[in-house]
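Here the chain labels run A, B, C, D and E in written order, and each chain numbers its own residues starting at 1.
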Amino acid sequence: MYSLNNISQVKGKHQILDDINLKIDDDSIFAILGPSGGGKTTLLNILARIDIPTSGSFSSDEDQNPKGIMVFQDYRLFPHMTVFKNIAFGLKVNGEKKEDIRVKTNEIMKTMEIVELSKRYPDELSGGQQQRVALARAMVLMPKLLLMDEPFSSLDEGLRIEMLNFVKKLQHEFHLTIIFVTHYKMEAYMLSNKIAVLINGKIMQVDKPRNLELEPVNLSVAKFLGQANFVEGKFASEFTSKVYSGMVKFKGEIADKPNFLYLPYDNSIQLEKSDYLAFYGRISDKIWISKTEVRVTVEVNRVLLQFNLPMNSVEENQSYQFYFVNLPVVY
Amino acid sequence: MYSLNNISQVKGKHQILDDINLKIDDDSIFAILGPSGGGKTTLLNILARIDIPTSGSFSSDEDQNPKGIMVFQDYRLFPHMTVFKNIAFGLKVNGEKKEDIRVKTNEIMKTMEIVELSKRYPDELSGGQQQRVALARAMVLMPKLLLMDEPFSSLDEGLRIEMLNFVKKLQHEFHLTIIFVTHYKMEAYMLSNKIAVLINGKIMQVDKPRNLELEPVNLSVAKFLGQANFVEGKFASEFTSKVYSGMVKFKGEIADKPNFLYLPYDNSIQLEKSDYLAFYGRISDKIWISKTEVRVTVEVNRVLLQFNLPMNSVEENQSYQFYFVNLPVVY
Amino acid sequence: MKKSSRLFPFLLFVILVLMPLLVIVMLSVGRNWNYPQLLPRQISLSYFIELLFDNKELLDSLVTSIVLALGTIGLTVIIAYPTAIALGYYDFRGKKLLNILVYLPLIIPSTALLTNMDFVMIKFGLNGSYFGVISVHALFCLPYAIKLLVDNLSLINDRYEIVSRNMGASAIQTFFHITLPLSRSGLQGAVMMTYIVSMTQYLSTLLIGEGNYITLSVRMFPFTQDGKYQIAAIYGVIFMLFTLIPLYLIDFYISHSGRRVIR
Amino acid sequence: MTKRKILLLLSPFYVFFLLFFVSAIVKSFVTSFGYYPLMGMKNFNLHYYFEAFKMQSFLKIFERTFLFALFSAALACFIGMCLALLFDKRNDNISKSFFKIAQLPVMLPHIFIVLALLQLISQTGLIPSLLLKLGIISKDTNFPLLVNDPFQIGIILTYLWKEIPFVIVSLVLVLRQLDNRYRLVAKNLGASTWQTFWHIYLPLIQPALMNAFIINFSFNFGSYEVPYLLGSQRQELLPVYIYDLYVQGDFSQLPLVMSLNLILSLFAIAFAGLIIFISHHISGGHNGGVK
Amino acid sequence: NKKESKSTDLPTSYSKALKDAKGQTVTYYGFGGTETQNRWIDDVVTPMMKKKGITVKRVPMDIDDILKKLTTEKEANKKTGNIDVVWINGENFYTAKKLDLLAGPLDSKLIPNMKTYISSNDPDVKRDMGTSIDKLEVPYGNAQLVMIGSKQMFNGDYPTSAEKMMDWAKENPGKLTYVAPPDFTGSAFIRNIIYETVGYDAINKAPATKKGIYKVIKPSLDYLNELKPYLWEQGKTYPKTTAQMDKMFANHQIALDFSYNQMYAATQRSDGKFTDDAHSFVFDKGTVGNYNYLAVPKTSANKAAAVVLINTMLSKEAQTQRLKLKYGAVVPPYSEGKTPQSITDKLDDASNKYGTVPMDTLSKKRIPEISGKKIPIIEDLWKEYVLNAD
């Protein structure tokens, strides 16, 4: 078990991390999800002991000063080494045998589909190729604790899934602990069952993907998870807004001045009648997003809202009466 | 109208681009979608006149040598300038008035939500913040031709959508032509109605999102678009494989040795009876992916397949008979 | 690394660097300093005063030295910068050869070469002219200047220049806004070396300058050559003042204008 | 574009070099081939080169000078590199003052340290005086001969005093550019300080170090002022040897002097070429710019 | 070009020179490493010239370099140059004359002070180190090798001959040395030893070839080799400059110093560098003496002013001043019978006060130089058979 104890970080006058407390199980993948500038890299740097926190500590059951091997967001491949040498570097400095280094390095290059790049220098690689080399460089070491900072951001969908599966398999086989950081929630959901949401230097919620998606603990998390409309309004026993006024499930703090109606794109409204009358709106735009769904823009009282609706259920420039699937949430 | 005429690029011994021909309408957003290492950056570099192609040319109706302003994949913020100065740079060297520079720069910083970073240096920014500065730096110039190389890869979902919308709005208002490159198909679908798929240095298909997704022109495109199972088998008037044997729609070339059955995750099988009997399979895993769907792993004859099915339609460790929605495609 | 472990080498280094300087200063003011006395028996500034005030030639030659050094810096930088950019950023045929060529003026012993240079200068009609002298100075400064700039530029690479050009900046704007600030430390080194190499040129100044440029070195060299320690030391101290002060001023200006150099 | 651009970038250098330098070299060559009309010599031949290679003393001195220049340049590079690495950090006071002080010797002429060394370590210098006072030696001749000595210690000390700081200055400028981002990566991947130095820093500063080595070597190999003042007469060094020949005032010897000069130069050029070749082909020869 | 149009001929008479030279700037090129000499030119000669409406510019340049420069100019076909007056001697004069670099004749018509103070049959006006002068240069200083011994170390008993020196060296090993050639003084010392051991005539008559000279000076080389183990550092190394040797002498590291300036001990003593302990003497058989000369290059653009400068430097006023210690106390090149009494008096004064050798002794003990061509050969032989022997 790894523990992050009251970690804070201040740089210049900016409080970048604010009292982070986390417990991370051994032999698991832990995801830290958060928006740009949230402090994810800063946190990982501390766990990798590249940076020292202003206060707080990082420890584990076995080791007072555990240190993770890091995959850097900006890759940081050694510019003077070929791909092969970059990947072999860690093994070499850890004194592995030449033959072992060769075998292991070739192995991982095969997995990463970069064998044919082995003699190239970093400046001769595409962005995604560099990222794969960076991943390989860290993973070939099979570290007990692996830290990955947005390791798949430059990879295309296909590769990303391959890599995700590979990381999963690796973790499973070798019982590594992996802490990984991403701004891309699907990645987090696919890799991990326990996700910490880090926004503005604070851990907002630690939860399963499903719970996160269904019940974001507060407005920032909801906003960050995105794919939702936020309709401004006022709450006082009931909610009033341009789009909808009426009963809601209130999850905000009363003190918040403007309140927001949370309407995720997915699964928040329907055409079939339900207990919760929503609004009457005109379909102003329709874009194709998958084989079964379209993203529609609904104009309600001059406010534009977006929803995913089943293919062919609505026509452009027509108006419809919509119903909520469940009682809507207000923050 | 911009034309890419027979552009090829060779570096070292590698043919990176192979006879690229494209027509791009003025006043539109054109997306180039492709996997890592496909040659996207290489192509953009040619359009930005940073690199000279081995052969071929890039021209437009108005200008023999059009030149795009580029947003670089690796940002390339000037390390010795603050965020403000980085963004103002282009305006300054183009001789704009001081006051105008201030106004425009502040304007775009507001849009990009980076106002409070204006006095920081690039190495004091997070990855996503750097990317936004890079975007702002190019966009503030309102160039006739804007080239963007994976401009949103480091942004979280929320920001990404904001930025996408902003780019769309900008294009609309100022009638720019935008060519943008991504490996992330959703981004391409959301921003553009005309997408070129660039794989292995070749343009494979230029099409609308919908057509791409429904009928990838060949196996590489299908594979790249991902979210699909590919079942190896043999085609000779009928298809035979471990999973399914029978009638198919054949889109491959007869010469291809192994053929592949294309089974997208989405909308390729169902439980309800249809004309096309598929296979009998056991649900070995189920993960939550959205409010309405789960991703299931189906075991058929020891082969594992993945599909997105409606929530609660199947149970883990149960077996079911599945049907194809349409006649399946084989490449 | 612990501070204490660096303190010893630091102090040793400081002593080794400063001790000779101290000796020179003492030598320049000491009289009757004979073995085995550790300190001069008398301290006298009379030589100094005589050289500095009774003898306006010293000040004249100081001005001449600096005027030549400034011209040399200008010429050297104009030639060295583009060369260093080409060597630092690009690969081209003959690069390795050029890499050696730039060191030639240092490699070839100058004594014999200079007469030939004099010959060439006479043929060009440049002997005795300002341009002629700074050209020869620049020749001996170029290896240093190019080396220091190349070291610097090859690490930066041309990627920022590419951005700048792409954003519509002209080559000149790019140079001043991007290349120059990014290679500031290299340039500082180059200017420093150029200044000092120019200031110490003796024979070339004399031969090509035809006596029109009597610099500090020209005056000082014969004394050192002949081992006239005290006078040489006085010249040396004056030399030191007038190299160190401007160079530290440049250094101060550079390191305090704008931000620290990039990563 | 690029080809023209490179040509444009290089043209000031080439023009300048051709006009002022190559022309002088050509003149040297012409003279060395025995064409010296002033003395009535008008035949081109290789006579003087053959003669040079027949001069036993020349060859012996040549070898000695080469080894000497190699040794002192390498030593300066080595010590300079160690110090530069020890004090490369930008934001601590020791390093800052170190760098300031390291610049001092770079900015002072060689003759300066020659003077000081003569005062300090000649047998009646300050250091023997001090040792005498301290009772460590009993008379001046107990102090080893360090100037004009057979091992060229005086010259080596002078060169080290000037060149170590030069190496430091040029490496620190590079090290500052490198920052410690790669060091952090290496450390994170488990490299020790030594390994980080050997695999990361050394290759990255290697080109700069090699360049510094070439400059130092060339200087040590070709300059005569310091060996003239501090060298031993018996273990003569090449530049002094040639200088003596040159100033003897016998103009009919000039072609010989020129050919010696050119032999020396060609050799040094070949050597520098070798160093550059090596530099390109060992780790660090390729770096696509440090990000 | 203004320079080119100027006459490149010498003026026809001194008075014409004086007239033509008004407003001209004359450059004096000569060794600049002697501060006393520089001071003399700056403080004495320059103001004298100023009065005549001529500006003097002193350029410190070695005669080797001056010659190289003049040769290059000639090679490049340059008709006028920047060098007006040069300080020249012996071997260099030989070369310059051979290359036809010097303007002449500089006779007494042009330089009136030549007639006044120097008799035309003075050997030093006829030949400079064996080279016939042919009115191409004018003497302006007198130099003669003198030994400076430590009174205390020699106990007042100075080695006034080669043998005495050898004896003393054997008794006091490590206390003698000499500056290594090609230093001017060191080279002169070796010639002086040759005079001591084989005599002036032998070497003077020897053919100017390596073989010929070796045969003649073999005994001298043997002498030096015999002396070698008793020298400082067993003769494995030698001081490089006179200054280095001066310092060793001042520190009593060695007992004997040499100088080419007869009054050197005096200047050093007044400077506080030597103590009263320093005492000058010459060998009984005499020491090498020569003159310093001035010449005008053919390419000089200001020949009129050059002539005036030379005459001025030779004048009684300038030479009297030059006897002052702060100007280096250089003995005038005046011929024996033509030296003004005031100057002779001053020299004798100094000899009493500073222990320098009296003027009449010096001129009696003066041995002329040998041919300039032989000097590099002797230096080579020394290097081969003494320095690098064993």
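Quick note on the criterion: contacts are C-beta pairs under 8 Å (C-beta built on N, C-alpha and C of every residue); 3 or more make two chains touch, one makes a residue touch a chain.
What you see is a predicted model, and the numbers here were worked out from it, not measured in a lab.
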In the contact graph of chains, the distance from chain B to chain C in steps is 1
Those chains that touch chain E and also touch chain C are D
Label-sorted list of chains bordering both chain A and chain E is D
The chain pair joined by the most C-beta contacts is C-D
Maximum distance between Cα centroids and chain A occurs for chain E
Looking at Cα centroids only, farthest away from chain B lies chain E
Chain A to chain C, mean C-alpha position gap in Å, rounds to 56
Chain centres from averaged Cα atoms put chain D and chain E apart, in whole Å, by 37
Taking each chain's mean CA coordinate, chain B and chain E are separated, in whole Å, by 90
Cα centre of chain A to Cα centre of chain B, whole Å, reads 19
Check: chain C positions touching at least 2 other chains come out as 35-36, 119, 157, 159, 221, 225, 227, 229, 261-263
Residues of chain E that touch two or more other chains sit at 62, 71, 75, 240-241, 244, 247, 251, 253
Among all residues of chain D, those touching at least two other chains are 2, 118, 124, 140, 181, 204, 229, 246, 287-291
Listed in rising order, chain E residues that touch chain D in their complex are 62, 64, 67, 71, 74-75, 91-92, 95, 99, 174, 180, 182, 233, 236-241, 244, 247-248, 251, 253, 376, 383, 387-388
Interface with chain B, chain A side, in the complex: residues 11-12, 34-41, 73-74, 124-129, 131-132, 150, 153-159, 161, 183-186, 189-190, 209-210, 213-214, 223-227, 264, 266-267, 287-292
In their shared complex, chain C is touched by residues of chain B numbered 48-50, 67, 69-70, 72, 74, 76, 78-80, 89-90, 92-94, 121, 123, 137-138, 141
Counting only contacts in the complex, chain C reaches chain D at residues 1, 3, 6-7, 9-10, 13-14, 16-21, 23-24, 27, 35-38, 78-80, 82-83, 85-86, 90, 92, 96, 98-113, 116-117, 119-121, 124, 135-136, 138-139, 142-144, 147-148, 150-152, 154-159, 185-186, 188-189, 192-193, 195-196, 199-200, 217, 220-221, 224-225, 227, 229, 232-233, 236, 239-240, 243-244, 247-248, 251, 260-263
The chain D residues in contact with chain E across the complex are 37-38, 118, 122-124, 140-141, 145, 148-150, 228-234, 244, 246-251
